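As structure tokens, here come the structures.
Both of the next two complexes hold subunit A, though its partner changes from subunit B to subunit C.
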Partner chain A sequence: MRPFARTGAKAAILAVVGATALAACGSSPSGGNSVQLTPNGAFGKVPAAAPFGHAGTITVAEPPGATPTWIFPVTPGANGSVYTAYSFQAEMWRYLYMFPDGAQIQENKPMSLASDPVWSNGDKTVTVTMKNWKWSDGQPITAADAEFFVDLTKAAVKVSPADYSQYVPGVGIPDQVVSMSTPNSRTLVMNLNKAVNPTWFFENELAGITPLPAQAWARASANGPILDFTNPANALKIYNFLAAQSKSTGTYASNPLWQVVDGPYKLTSFNNTTGAYTMAPNTSYSGPHAPTMSTLQAVPFTSDTAEFNAIKSGSIDQGYLPFTDLPQVNSIESTYNVFGYPGFGFSYVTYNFKDTTGDFNNIIKQLYFRQAFAHLEDEQGYIKAFFHGAGGQDFGPVPQVPPSPYTPANAKTNPYPFSVSTAASILKAHGWTVNPGGTDVCSKPGTASNECGSGIPAGTKLAFNLIWNTSPAIIGQQITDLVDQAKKVGINITLKSDNFNHMIATYYDVAQPKNDNLWAMEDFGGFSIASYPTMNGIFNSTGTYDIGGYANPEADKLIAASTTSSNPAAVKAEAAYLTQQQPSLFQPSVDNIEVWKKTISGPPASFESLTQYQLSPEFWYFTK
Partner chain B sequence: MTNIASPVLSPLGGARAPEGGEAGPIQSGWRLAMREFTSNRLAVLGSAILVFFLVFCFIGPIFYHGQTVNTNLQATNLPPGAGHLLGTTSEGFDELALLMRGGQASLEVAFLAAVFGIVLGSIWGAVAGLVGGVVDSVMMRIVDVFLSIPILFVVLIIAVRYGPSVLSLGLIIGGYYWLVPARLVRGEVLTLRTRDFVSAARIAGVRPWRLIGRHLIPNAVGVMIVNVTFNVADAILLVAALGYLGFGLQYPTQDWGDMLSNGIGYMQDGYWWLVYPVGACIVLVVMACNLIGDALRDSFDVRLRRR
Partner chain C sequence: MTAYLIRRVITSIVVLIGVSIVIFFLLHTIYPSPAQDVLGAKATNAAVNAWNKANGFDRPWILQYLSYIGNALHGNLGYSYKLNQSVAALFRERWARSFYLSGMSLLLSVLLAIPLGIYQAVRRNSLSDNAMTTVAFILYAMPVFFLALILIQAFALSLHIFSYEASQSTSVWAVMADWHAMTLPIATLTLISVAGYSRYMRSSAMDALAQDYIKAARAKGLPERLVLFRHLVRNACLPMVTLIGLSIPVLLAGNLITEQVFNYQGLGLLFYNSLGNVDYDVLIAYTLIGATLVIVGNLVADIALTVADPRIRLA
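On to the complex of A and B.
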């Protein structure tokens, strides 16, 4: 569902600490066979590739609000979105390492620009070896081009930390990079300030590097000389020049800078008012692609309704199915293939561990209460009733779908299955007088196992507020059912509707501590997460995006291990612990539902990747 | 084109009617107004519609028991049928029962807002009109200032900040809907205060508040009643707009705007029962209030009476 995806994207941009996907996601359809997806969560299916017919012009839908506003791959937070990154920039400049592979959250090696990194010096030094890809001007893509990107990110964050959307002070690229060297044109050696978890650094940091054409871009003016970008002063001049060029949206298609690409496409026209653009194939593209690549034409829409009407009339080749129109899927299935799958991330109801109103902070600290609350969520019911079957269950920060090697065992089956009676039993067993339809009261204060818990005096009521985002509608539908089920066990929740931007600007303990007592719970959407799904930044007590102030020393320790230890299973252990602890109420993942004409074909993974916001038209062709 | 040959005035010959018109028994202004009102077919239709909806919303639930509070995920978006006469919503609520409950909330907010607005506005206008001078100017400029602020903007901010309920929404909307009545009542008072009975009351030592309560407001009540009906219609639309934007009443309370907002997403999916019935309810009630208001205005204003 597109609006929800946009919400997720905003959240991802909000949470650019190690947990975000923007740094690490990449497209990478590889083979000709369909990836085996977990049936849970998938909607429809992707047909096998048909024989190549011919190339042509493929029209794709551009959702409302997806107009690209930045072309230079060092993207400020204010200009970053999954659409700008993966449907626009990534067509022209490719990531060093491409994630995911179709809808599988793993590297797509044929699409990566470098071989897998090699670690040394106690995981403080990493060596990257470039493949033999070429720029569109015929020059080879060298290790210096990757180094160029890192140097420009250093310059960008000097101008403003907000000028590099993936920047986290002191963590990852560029702050942890002490020095770089290029012993030969294909080898980049990067020295870090301390040992890191190699998997984390590979998937979340190195994968975010976009090699840039230093031979054409390392200049401080349009006709200036090529500068030594390893000199920080020069790098700053170069960054300022390129950023200024990127602000000139009206010249995107005409500026010769942006015509030097390593991706499958070159921009040929761009309307900076509507967002419409066309791209022609890069005939020098070194990566895998269809026998003859088609021209790409992006068609903007001002509403989901308009986009769906275009699909019904058959006027676009590839688009999305707005979630509320899912019941009409039968009307387009004769013309279009339909496939839905959740994006990699999670949706959740955030608990505010600092809200002292009615001792909520002390109530929510109790693990038994969070577990009881989790029992009130009917994920299967939500998927059937509200998602029309197009979604997957999610019980922790690392979702069940799309499948990830880091999904812990306790997140594969619901550890807290829907059961109102179980929730009531848990509350009774911990000293609460349960009043179904009324309001529960703590009748046994104290810290014993059969008492309410520390800081909860006798007479405390289970009554608090929940602020919810009105868009998309499925948030309100899930919340309505949750409140109804809670009422059955005497948990009295007062609802208040709001919108995403106001919520993250207001109900956010880290940024707005003065509002700590204004909210007990909120549901603004969720996060897109990186392929290496550490919750660093989201659920560690010092996290910038620890919105509800969750603080747990054990969680802190496990999260730190995910980024610094050499244990490849560290992030899985972290996810298992957080799934058990329920620092928030994790909600089911809704599908991104994509459609494409039956006259268009290609490797199945190239269509499955659409659900992860990846656009890969270089693989597509007309069958007849 | 006027036919100048046609007689414009009735000749006094023939029937021997007294000069000045037909004589008859003296009737009170209220009775004349009521007679005028009941002779207006649209007014009667509007009244009938409004009474129907009052009965539907407030008495209907006694006879029709549908689920409007407990969700039912096994029965979402069901079409109209035997178990659910108007189908079910996306949460499994009974649409017909929800129309009744939603109508209760919408009408309660609307009437509360209208009454609160008219009381506040009448007092404000009467004081301004009676006192006059600088006080009048200051009070009316305050009205002008408030009128320049878009109400939806104000109500949205307050609703988001404090959370809406029937009482709070009624007071918030009413807190804006006193402006027009204040102007109208002031205008009435400006004409009334020069009348002999007002002068006589003043000479007799009647205090200002008593003058307002016993002499001025009762004589401006026609204007007030007319304004109430229009304010009810406007308030229903405003509540619907708030609900449509997602900032109306919160579950378990729902209003027609919430219902419309929830249903509109399924507009193209053939779930007509989520959109058209509630849309019709809003249109009919607003139309009824406006018909009644128009008729009342004609009834109370002697210049607009047909006879």
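On to the complex of A and C.
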């Protein structure tokens, strides 16, 4: 998981531990696995698949700043991005298990390279059985190829923990893998150092494995012999060689290494200055696809404006509608299909539980205050007024939309609906003298249920600051309204604008504890989350991204259970608790709005999944 | 002249060294090391320290500065960990594109602004002067991106005369040959620049027209055409020489807004993206090269001024 500055387009950084995938359609593209999406959050619609016409060259927009700078699927943090992972590398090398299924956050079984894992030994051993898919050189994709990936990640993190972007020390792959064996070419047995939650390990760890062609890549030099990669010393040599090749961005299309693929496409040209590239269909691709696959041509853009100009001119087949251009959607609807849906994740206002200024730390740790504050947020109003209807309500860390099997019941309807009067009543009931338009004062200090709470002396004022990210503009719009509503109940918030990079570098308890008294709340954006949406790392007290220092033993216990207990419902329980506890102010999610020409068709799910950052042109074709 | 040039060059080098020290110090103070960005947010302090030691970022900043300058003098401007290319390669790929876009617009601006300014000065307060002044003010006040969008909408999306984006070729020769794609971005920059330059030119020409030598030329019966071309143009152009000299850094700095709107990979965009990515080596190289060009631009302007106006003594 990584923080992102919300945007209406694809520029958001995403680091999903689990893989993503598309709906299967078999070789008959009209048999798409169209999902029933909830109307909440959806903008526009995806038409049914039209009859296959012909293949051709499909041009897709490459968002600003998305130029891939790494091709080898063991990707360092510095070079990882959602685009590199899911729209570049994933066209060539597929994940062991593919998520999501269209816009539904669940596995797409026909697209996965292996059957679902089988657990044994008290959830300490997992067995994976590969399907009979083939590499582009005709060799079978074996269990050893999956093992090869894990061994290379082990080698990578030995060089530097940053060399594998999904690496979390001591957690998951590779640190928890103590041994692996391949009793036959299709079976991988993985032994872990302790029992894990099978669902978590499956969706967030196994799904991140990208089988690699050991028969072509397990070498330490271009013409060197194939090495035994299970020997750590060899694995290190192989990793160093492949990483060095990956740094040579000018040779991506010519290096024979990168021509051995199991995905639907092979790279045929790559411009490392502009980021433009072309991919030809992998004729040996074993997965489902259109009757004849089209060539893929990625067209880079330097700005959303340039991309929208290209759409208006009709010069690209698939792109995105920049959120700021949403009011102009009518101008392209005769040429393009338009569909928007939120990405899987959440946006939030982060509370700083370590800010002692004006006893804010003691105020914010009061559950009643966080609940009262949540009542001041008008999510429906924001979506209507600021999102032009293109967004979905979110009430907790696991969003209401897109549909996830882990969304708890209390996150499906707003537990703290917008009501200024309710917020005022809650504050009054807890010992605050409410001064609408002024500043509330604690008049009943103490820890009784009708008093302000522990550590809040008499005379404490409800006045603090909130730092907000100026881009995109919808953050400021929401925050401004929130401040106005808060003022109505005497909560006095001082706003300070900032930018994403500076906020993350400065207002971050884990990284910059010396700045804890500089900020009470901040809104930098939010997080994209994995298909198994544990908040491990974000709301546990030792989390790398516990930005405001939230510490709650019960939350820690539930989060730990999500990754270690055998209870498949653990993550739902975790999400329900956090939704009730409101460790931050959860905000509505804006849609990722995708457009594609009406002359292009395919299974609906293959277009819906674009909103989840997944590109799947192997399913697309021209209708006429 | 030679002595002056030597003095100016020496002074420029001293200024450049001072500027580079200040820039390096400021960047170092704000951002002591790219380790965290290279290694990621999850990197431990030990890993960060090890990386800093391996890459020399644990040394005092002045030593880092001396190393950097030493490398820069040998053509090594550092490495972009984000883009996986050397900074020199990144600049090599883009400078000619930025130079062409900015240079062509600068050239056209000057070629248009000089006759326009003179014409307006000669016909000052006439209907045509007022009309041109109005247009110039509108263009001068107009944000670049707004003008660009208007031109794109009119000439690319509605009339389909030109392309909505600049040339996507990485060969500068192909870019130069692609008038269909390059007309609108060059026109955008030219129109914005010519608005300002023509005002300078008009003002300068009006001053010159009031000088005694113009009156004398007219009094001795020279045709107006000769008065203007022989006596007015050269003198009225002197402020333009300074302006052009100061515009030299822009040639390589790129034009961020134009590059963004017209989908053109140039140096301005590289710098902008590097800011967002905190791409340390690109930022420092770009800033230092920018400072160098400002100093060189000043020097060139001063020298050109003396060539254009022999009355100016170099001492």
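Quick notes on this one:
Keep in mind that, in the parts below, the second predicted complex is superposed on the first by the 592 of 624 C-alpha atoms of A that agree within 3 Å, B and C clash if a C-alpha of one lies under 4 Å from a C-alpha of the other, contacts with A are read in each partner's own complex, and residues count from 1 in each chain.
Assume a contact is a pair of C-beta atoms (placed from the backbone, for glycine too) under 8 Å apart; a residue touches a chain by one contact, two chains touch by 3 or more.
Since the model is a prediction, treat every value here as computed from it, not as a measurement.
Contacts of A:305 after superposition on the shared chain: both subunit B and subunit C are touched.
Once the two complexes are overlaid on the shared chain, A:233 sits clear of subunit B and of subunit C alike. Residue contacts after overlaying the shared chain place A:162 against subunit C, while subunit B stays out of touching range.
Subunit A has more of its residues touched by C than by the other of subunit B and subunit C. Touch criterion met: A:483 reaches subunit B, while subunit C stays clear of it.
Contacts of A:496 after superposition on the shared chain: subunit B is touched, whereas subunit C is not. By the touch criterion stated above, A:118 is placed in contact with neither subunit B nor subunit C. In the superposition on chain A, contact is made by A:273 with subunit C only, not with subunit B.
In the superposition on chain A, A:378 makes contact with subunit B only, while subunit C stays out of contact range. The residues of subunit A shared by its contacts with subunit B and with subunit C are 305. Contact residues of subunit A toward subunit C in the complex are 2, 64-65, 67, 69-70, 76-79, 160-162, 165, 167-169, 246-247, 249, 271-274, 276, 300-303, 305-306, 309-310, 312-313, 315, 501, 511, 544-545. Those residues of subunit B whose C-beta lies close enough to touch subunit A in the complex are 69-71, 73-74, 76-77, 90-92, 160, 163, 245-247, 250-252, 262, 265-266, 268-271. Residues 37-44, 47, 51, 81-85, 93-94, 145, 149, 152, 156-157, 164-165, 168, 170, 259-265, 269, 273, 276-278 of subunit C touch subunit A in their complex. Considering their complex, residues 305, 308, 324-325, 327-328, 378, 381-382, 384-386, 465, 470-471, 473, 476-477, 479-481, 483-485, 494-499, 502 of subunit A touch subunit B.
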